[in-house]
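Here subunit A shows up in two complexes: once beside subunit B, once beside subunit C.
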Partner chain A sequence: MTEKKAKTTKVSREKETPKQIATKIDNMAKGIVTEIKKGIDPEFTTQQRGRSNVEFDEKKGLLRLGEKRTTRNFLNVGHAKKFMQTMLVSAKAYDYLKHNKTASIREIYYELKHTVPNTKENTFEDQTESDSCIVDLEHSVNTIREKLNLHANPKGTLYGDVVLKDKVHHNDKFNCGKLGRGGWSIMSRLEPEEIEIVSCNAKYILVIETAAMYERLVEERFPQKNKCVLIGTGGQAARGTRRLIHRLHKEKNLPVLVFTDGDPYGWYIYSVIKQGSMALAAHSPFMACPEAKYIGMTLDDIETYKLQNVTERMKDGDIKRAKEMMEYPWFQNKEWQAQLKKALKEKVRIEQQALANKSLEFVATEYLPTKIKNKDFLP
Partner chain B sequence: MTEKKAKTTKVSREKETPKQIATKIDNMAKGIVTEIKKGIDPEFTTQQRGRSNVEFDEKKGLLRLGEKRTTRNFLNVGHAKKFMQTMLVSAKAYDYLKHNKTASIREIYYELKHTVPNTKENTFEDQTESDSCIVDLEHSVNTIREKLNLHANPKGTLYGDVVLKDKVHHNDKFNCGKLGRGGWSIMSRLEPEEIEIVSCNAKYILVIETAAMYERLVEERFPQKNKCVLIGTGGQAARGTRRLIHRLHKEKNLPVLVFTDGDPYGWYIYSVIKQGSMALAAHSPFMACPEAKYIGMTLDDIETYKLQNVTERMKDGDIKRAKEMMEYPWFQNKEWQAQLKKALKEKVRIEQQALANKSLEFVATEYLPTKIKNKDFLP
Partner chain C sequence: MAEKKEVEPTIIDAEHLAKEFKEHSVAEFFKKNKQMLGLYGKVRTLTTVIHEYVTNSLDACEEANILPDITVKISEIATEYYEIEVKDNGPGLTKETVGKALGQLLAGTKFHRMIQSRGQQGIGSSGCTMLAQTTTGKPCKVITGTGKGKPISLELSIDPKHNLPKIANMKEIDRDFRGLAVQAKFKGVLYRDSEQGPLEYLRRTAIANPHAQIKFTDPTGQKFVFKRSAVKVPKPPIAVKPHPKGVTVDEIVTLSKYSDARKVSSFLRSDFDRMGQKSLEEITKKVSFDMNKDPKQLRWDEAEEIVKAFKEINFIAPSSDALRPIGEERITKSLQNIVDPEFMHVLTRKPQVYSGGFPFQVEVSIAYGGKAGRTISGGSDGPQKRLEIMRFANRSPLLFDAGNCAITKAVHSIEWKRYDIKDIDNAPVTVLVNFISVYIPYTGAGKQAIADEEDVIEEIRLALMQSGRKAGRYISGKRKEAERLMKRELFYKYIPEIVTALNAITKTDKDILDKKLRKMVLLKLKLDDEKEAKENGENKKDEGIEVAKKENAHSKDEPEKTEKETKKEKPEPKKEDHKKKTKAKSNKK
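And now, the complex of A and B:
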């Protein structure tokens, strides 16, 4: 029952139109104006973030924010500047939505930065200030910044038999499997009102950590031979890339397999794609893929494929991360605990590209096909 | 006369086929085998790199390597391992060329790493070792690694009315102005035998440092309104991106305008695109665009457009870089000396995105068009 309700909420949040979001900002602002007119200290409410309010929803397999809320009052010397900043950001986002403009989070910072007339006070001193207002606004109107027409830098590449249509840009329609070996450069935001997934002729999505492995699999024609879509994240997946994986997964019912280096950093990249991240816990319903599976690299691969010669020593940062990950509720299963224990015991890591030690083709002709055939995945 | 001769050499190096390059490696190796058979200590010769052998060719406006050469002997304890490594890399590159395979520089490292039989000695301990052999081989056979079928990671995006054809990948043919707002993800290597520039309907190339400014100009439909091609470098341009700019410039006779942040780092990005880099001085003929012009940001823009409020303090690294750049022969003109002096005096920098302080559209409707109309460029 609860689950059904939550699902309905999630779907409706994902499907909210720019007009609906603009209305939510407008309502929030009108509430504040009413308070001012009534002589009441105006109050801005948002969700509390940070580790202490992050929960792992085991049933759905998602990180999410808890119920704690935080308020900010205008008539509080400690809050007044932040309050003013939040209003500036809210008004500007409203403006973008009304005029079908989008902006990077750096641009909105620069656009809003000015000296308050008759003072020496700047509206913002630093982008971290406007960034934190954006996060407040997202959580206050319960949406993601992409739906506020804001975005960070793009990163990530798509290759495969997927036809996309950019409905607000000349209605461009293109097949991402017919762009040579380069592939499509994934945009920083790709909401359904703008980018339509017209069709997708694939059996699964293979998400790849390194750009070079992505290029290897394209060169080997792996997507054609295995009917899959490749998404190269180039390290930790950017928001646009996560959103695209999520959308392909949900809209086209495609399973997601994640292929990273065999080290805590790579495994963490996987977990962010699967369950979401702590920093963006409120946004998991827009971005996470709880059914994703991990295909490799695992530390067991080292023995299986005799790769002892091409391992690397784990760095201190990796060791620290592995220890932290062992405690996370979403790593509490025997398979991942075993990997993390092994990592801490042996202190080695293995890169995706180390498979080249067998041969360049090995990853495409042996490693991935065997794992897929035997469903040899980590949860 | 000298110039004409040099030009001929350059063109022929650029047009060398994989077969011709393979033959060069083969000849080098045969020479070594002959020396061994004759009982002579085998010798590997390559060009000397490093600052002391880098020259600025003022006539052509290119950085290039001088005439100094360096040799390595097999029967020298200090050289023997490196000699062996260079032969391994040479043989593998020859192999790639013969079998039409390409590999990342990380892959060739992993592919060649093994323990020498009956010893505890590894062929390579670290990728820096194989990387330096690749550089030796490039310089020895006088070509670029892309023509040895090797590449580093891809980075960079192309947007505009350019039709490309990937001749070795299903003959994919696509227009990079019809891929929605994402654009084409530039490959790590794109040699003419593989990637053909079929047509290009544009008046100039605008190279942009930041991904967010690239997205801004795409959103503003700047390429359509101004008949230009956009190339986003995402910081320092990757080799594939430089090669593409060079090829569009040479093959399609397109002027190159470079648009970076107004700081020493951005200006250095420009100079690498224009004259080449010190590290890759030998490769300038494949990558540089000596006729490129700089459109902005300049420190004079701060006054002209009243951006005093949105400048930033230069960091120590910027100051150090500015001092170094003042000494470089290719920055010895009054315009750049004036910029660098101003930077060191005022210690401020200005980002491309700071133009958003005027309005989001300002860069597309005012800043760039005015500069282009008035030919207000730095050399």
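And now, the complex of A and C:
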């Protein structure tokens, strides 16, 4: 995919109507029916996924899906079930589009899950199976799941002086800094035709990994005092959350600062927000924020703030993750290599909440403001 | 038949025996050395006793050209105390011979000639009489009918000092009976329903002797019948004189007692095969005694010198005419009758020679499924099957010393995996090997294991590999058939789901899609099979007999006539809008 092409794809994708998408599914199904009638092993083509087909675009600072295509056949012992599952998902998505319904990916999983007649086997054993079929279908008909009237379970919250308009729900307009302490629950579908960012009175976005830290900063009135938007991801950022960060960043020109636990898992959350994820590499241009900066926690904070007695031992999983990350092209810079090396050497991690060791307010009054003032960030 | 054997490693015993030979009768010797004769171990002793009686019955019937009907009953009187009854329909024994046959050691008809005989291992039925007497103090009860005159019953024991039969209570009985019935009691023995017990012994005897019918009642009263599957008595083996390379010291001593020759030299010349003037001259040079002495005066140590000389001299190899295999057809019928396997391959190889001159022949069979394999109680999983190796020497089952036997070694030396027989140790497989020779190279006096002569092992291996290929093809064919069915089901089960989904989108008729998809699955599986068959190719040589049960043959459910074009290659995968390096990764086979 060339850069140009990505843009045209973006435009054409965003303009497609549900009816057009339904026609695309219909065409795919008709192709399969024709193959069956001719006695040809039916197959459908999709993008190959996973690390082997993910490329890092250094110039744009994004992960991109490569061009490796893969076909799935029915007459293949290893593919037959997957083929059947994708047919079920396609038919269901077609049905949603026709009847103007939307469903969460968990709902479609439950709607399609049943016992295959005369067997002891389920159509889907768990949601990962139907999720993977949804991704196949997205690639197969070259669209995004939101266009298939599917959405992930919402996760993530927004707090701050941002006015949004829900265009598909009475055109409700609301300020996300006036919804109480909980803020606004970020929806999974955040396309401009549904949610409009009306205005935003902030200097930057602060993305926070843990819910507890998010609540701490709200209680300390950090957004008001520092004129920023808080976004709590609650772990790995969901699709809608990433889309919202991307949109605020692009549309309102806000810098993005990311604040996670000081461990490989937290750092990876940062990298997904900045460069995109391998699983959704195809959508990075709509989701990633290549200019995002990392504010903490770093392993250097342990010495700087004398937190040695509140560190934790890294687990085997952390160590494995750190080793993998050292190899990723998008972690090839001296700052992150140094962090990862240090992590592997000292085998310790530090949580955001460990800052409470100083005092509850410490994070809001000292840690963050100092770092921001000194531009003490990791790239 | 009754004979005692020299144990090679225990030369001291032999020397001791040489000195004592004159003073003590053979009966005395037996009493003191019964372990040398296979009579050790409680289970083994009981099986050996059954073996002696049954072997005698089979030999007697064969010689009289009678189809043997043998009935065996074992009853438990008390702990380790059993009564055994063996009855046959053979020619019976006359008043005059019964005492000698059952009550005198080393007295029999078989010593005067050398044939491929079963009765070479153990103690003979006189030995059983002796054992009964020494363990219980009781005589054996015998009924014998020759078909002429009335049958007689008698009680028989042995005078161990003089090796003479003692007969008591002889009387005519008033009923029709031809054959021999012996009833004897034994203490210190044990019945086990194991691989080495009497039942397994009789089962294997029946397999190797399809012309015999054997009925058996075990100590719990359970009855077993091994029916006859061949209606012809096999040709009796040709009597040949013993070949000098194959005789043992005691055989020479025994033969010398019965010889009519006046000199040892003429005794050797008349009683042994391939014994020419030149050989005799060489022997004369090698021995320390006078070859002109009376053979009846030949001492044990002198017989040892003769054996030593035999070993040093070259003789012409014995002839292979005397070999009598069971035969492929008989083994096949017999296994069908008793093992009833799903599949078997039976092979009788051509005669070979070992140790540079001894003719021998190997028969093998590999049977799979049915009652093949050894059943073991597998705990919670229920009974399970294990590999069973049936060893025979001249049709006589070998139940003991399996680990030392050339047959066992040959079976285990084969990489069965190469023949697609995975994990043979836990497969329902019976491997039968019959080793046939006038001179079986036993490992010891117990005569339960064949020495691992290189030529012997190699020949057994060759036979097993030949059979293994056939069995392996069947077993893998069966496995592939199961896989094929599994595959078909795997595809079939998803068809209704796919059809419903495609119908929901495109409204295409469900029945048409369903039929087309099913047809496609069958066609694919058929093409896979053909491709595989082509890859494997077919064996040119077909030796031996191969039998597979019909109901297990591949169940063909071919697709109805398929249009030709469906076989045609499929079009290239659509490339859509991806121009460059579209590596369509196709996993199709």
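As a convention for this text, the second predicted complex is superposed on the first by the 283 of 379 C-alpha atoms of A that agree within 3 Å, B and C clash if a C-alpha of one lies under 4 Å from a C-alpha of the other, contacts with A are read in each partner's own complex, and residues count from 1 in each chain.
We take it that a contact is a pair of C-beta atoms (placed from the backbone, for glycine too) under 8 Å apart; a residue touches a chain by one contact, two chains touch by 3 or more.
Because the structure is a prediction, the values reported are computed rather than measured.
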Q) Touch check for A:Thr143: first (subunit B), second (subunit C), both, or neither? A) neither
Q. So, does A:Asn118 touch the first partner subunit B, the second partner subunit C, both, or neither?
A. second
Q: Check the residue A:Pro154 against both partner chains and state whether it touches subunit B (first), subunit C (second), both, or neither.
A: first
**Q.** subunit B versus subunit C as contact partner of A:Phe83, first or second or both or neither
**A.** second
Q) Between subunit B (first) and subunit C (second), which does A:Ser130 come into contact with in this model arrangement: first, second, both, or neither? A) neither
**Q.** Touched partner set for A:Thr46, first subunit B, second subunit C, both or neither
**A.** neither
Q. Which residues of subunit A touch subunit C in the complex?
A. 25-26, 29-33, 35-41, 43, 45, 48, 67-71, 73-81, 83-84, 87-88, 90-91, 94-95, 116-119, 121, 123
Q | Residue ranges of subunit C touching subunit A (in the complex, touch as defined) | A | 487, 490-491, 493-494, 496-498, 500-502, 504-506, 508, 512-513, 516-517, 519-521, 523-524, 562-563, 565-566, 570-571, 573-574, 576, 578, 580-589
Q: Can you check the complex and tell me which residues of subunit B touch subunit A?
A: 101-104, 106-108, 110-111, 113-115, 122, 151, 153-155, 157, 164-166, 169-170, 172, 174, 178-188, 195, 210-212, 215-216, 218-219, 234, 309-310, 351, 353-357, 359-360
